Amino acid sequence: MQTRREVLKRSGVVAALLLGAGLLPGAALAYQKNAFEAKSFEDAFKALGLPMPVESAEVMLTAPDIAENGAVVPMTMASSLSGVKKMLLLVEKNPSPLIAQFMVNAAVDIQYQTRAKMGESCDVYAVAVMADGKTFFARKEVKVTLGGCGG
Amino acid sequence: MKKITTTVICICALGGMVLPAMSQSEPADAALQNTLNASFRAEGQAGMDRLLQDDANRLCSQADASGKALSDEDAERIRQSSFKAIAWPTDGQFFGDYKLGEKLAQDGRGKTWSDKPGSENGGNCYNCHQISKTEIAYGTLGPSLYNYGKLRGISDVNSVTAKPIIDYTWGKLWNPRAYNACSSMPRFGHNSLLTQAQLKHLMSLLLDPQSPVNQ
Amino acid sequence: MADPMRIRAQAAGSKINVRVLMSHEMESGQRKDVNGAPIPAWHIQEVSATHNGVEVLNAEWGPGVSKNPYLQFTVKNGKAGDKINVTWKDNKGESRTDEATVS
Amino acid sequence: MSTAIFSRSAWLVVAMCGAGAVWAQKTASDSIAEYRAMLQDGNPADLFEAKGEDLWKQARGPKKVTLEQCDLGKGPGVVNGVWVELPRYFTDTQQVQDLESRLLTCMETLQGFDAPTIRNTPYGKGEQANITALATWVASQSKGMAFKLPQAHAEEKRLFELGRQLFYYRAGSHDFSCATCHGQDNKRIRLQDLPNLTTNAGAGLGFGAWPAYRVSNGQMWGMQLRLNDCYRQQRFPYAQFGAEAGIALSVFIGVTARGVETTAPSIRR
């Protein structure tokens, strides 16, 4: 049986090989820094060059009603629309609302789960960006509470 | 009723020996003290003096550890000495601003070794009590204080009928052991955790008919 | 060097469920240190994944993703024995790639 | 395991989109329970567990040896099942030791590390962070096993009794003891449930959860730091790493947890 360490060692080798060959995927993509630094929901869309989204039942967002701690809030976004180019995740009242954007790939379900920080209770948005530039959202309010001793 | 009878029997059986022995302040078990002294170190504002117990803490700890309630005599003695030491508002004014009271109730900071020395302490209230209905993150170690004033019929804090409740509430915040010898609640006034001005804000939070607590 | 990721890739029917934990501070850039000086942002900004060497996922992240990030996605067609590779790259230019065999 | 988790998340998506009315009736505690369930899959403690296993097998320290000959109570190199029998008395050190203090002993004797330096290193830094990772991995190798701390040695018995005294010791500016928060059933501080550590089930729940990944600060905490921070919140002075008070409390709670299965490493607020 392979130990975990052996697997990891080998991963390192693989990484080195890929790096050496310049084969690492995603290298061509220019990180949209402006969008991630935008201070409001609207500004994030401006920075991305996208119109403000409209609500759609074909975009889904799963997040807890109440987060015991804002440092880690699990969120799953999904869409049943066809022609989705990318999926955005935003937390409306965060200092920088844009959390993540996933480029949709036909080999993978349009369903991504990650965890975001939330500074305060507010709406969370999953947004589907279509190939034609249209944008659709699903929204959910998440309450952020205080947990333990508060110190 | 039952409790009193039992105690009476105890006193009869053990004669006068129990009382003087228990009312003396003696150090807790030496081995325990050695372990405490060797296991902790002073850090920030939390010095080694924090490990010392006063008479009330020593008796209550012993009662907790033994699983037996404090004797009625010890309990009464703690209540009386605690009550005597309550400082009533120097200006005779019991109330402040309930909005500031709510802020204090939310604030759990103060007095730990990681807290900045000299910074204002919070009241820690929501850690243990339900207070305003809108705050859902409340603890349950203490009773709910929602509608505290309303349930006690306070519609005017200046009314004669309100006076005993006002006094009790101030006393309870100052030193809960004046009413319950081994209360788990911190002695906010007695141990200088909150200032008189801060206690007044909490009084308003609990008793002011306009406070969200009484809506 | 950054600590390794934990990648669990499991075949479920014809699909592969991929769950990834990454070891990263994800410092938001909003916090201040004990002396009041701002702590600079330090976060993963690009994440990609391949299935048997073919890119299947490409994402951009901001500092709003939680510390020690978690990512879950589903590859539509795959089987046990396939290889899943995940790579992240942060705003300091550090990167990490790990591989898992689908079980 | 993972299939069940996936189908559950799928169900949640459906339920949340289609059943708003039912949803509104959920209580705050239901919602918190749901939040916690969402975090169960993908506990970052896994990252520390992997790091700990790696550290155990790595030749390290001035002597450049691994910890693979470390005796955690069941003989040199035995890791499986040791966590549910700690703290216990060790004849070589003539002390009752918990997992973390015992790991430090091994790092000192086998690898040649300077124990006092590590003892005084802040939690989460340098070799202290490594002890936490090692403890996380070792604890994981007992997952699902029932606690059976030994109580045969006189020192083990002494520490149990000492732990009990400490548990009820009220002091500090706020007059708190461990029992203030952990001495009754079904209590919580803010929204956080407080296990009653004086009962078998409660002690198992509390003691059996650590090392745990703390969601609130993204740190991995072992029992030593858990107790250190409880004491900080009690407004006591700084509880030192590996000191007798912490070991005694662990014995008291661990023995009380007898027969309950460990869930460590877990995920906590």
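Labels A, B, C and D are assigned to the chains in the order they are written; within every chain, residues are numbered from 1.
The working rule: a contact is a pair of C-beta atoms (placed from the backbone, for glycine too) under 8 Å apart; a residue touches a chain by one contact, two chains touch by 3 or more.
Fair warning: this is a prediction, and the values are worked out from it, not measured in the lab.
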| item | value |
| --- | --- |
| Chain with minimal offset from the mean of all protein Cα atoms | D |
| Of A-D and C-D, whichever chain pair has more C-beta contact pairs | A-D |
| Chain A and chain D, separation of their C-alpha mean positions in angstrom | 32 |
| Separation of chain C from chain D, taking each centre as the mean of its C-alpha atoms, in whole Å | 27 |
| Centre-of-Cα separation between chain C and chain A, whole angstrom | 12 |
| Mean-CA-position distance for chain B and chain A (Å) | 47 |
| Chain D: positions in contact with at least two other chains | 28, 50, 189-191, 218, 232-233 |
| Chain A: positions in contact with at least two other chains | 8, 66, 71-72, 74, 76, 113, 115, 145-147, 149-151 |
| Sites on chain B at which at least two other chains make contact | 112, 114, 124, 126-127, 136-137 |
| Chain B-facing residues of chain D, complex | 28, 162, 164-177, 179-181, 183-184, 186-191, 194, 231-233, 235-240, 243-246, 248 |
| Complex interface listing, chain B residues touching chain D | 28-29, 31-32, 35-36, 38-43, 46-48, 50-53, 57, 60-61, 64-65, 111-114, 124, 126-128, 136-141, 184, 186-187, 191, 193 |
| Parts of chain A lying in touch with chain C, wherever the complex brings them together | 7-8, 10-11, 14-15, 18-19, 24-26, 29, 31-32, 36-37, 71-74, 76, 91, 94-103, 105-109, 111-117 |
| Contact set on chain D toward chain C in their complex | 2-3, 6, 41-42, 44, 46-47, 50-51, 213, 218 |
| Interface residues, chain A side, partner chain D - complex | 3-5, 8, 57, 60, 62, 64-69, 71-72, 74, 76, 78, 113, 115, 138, 140, 145-151 |
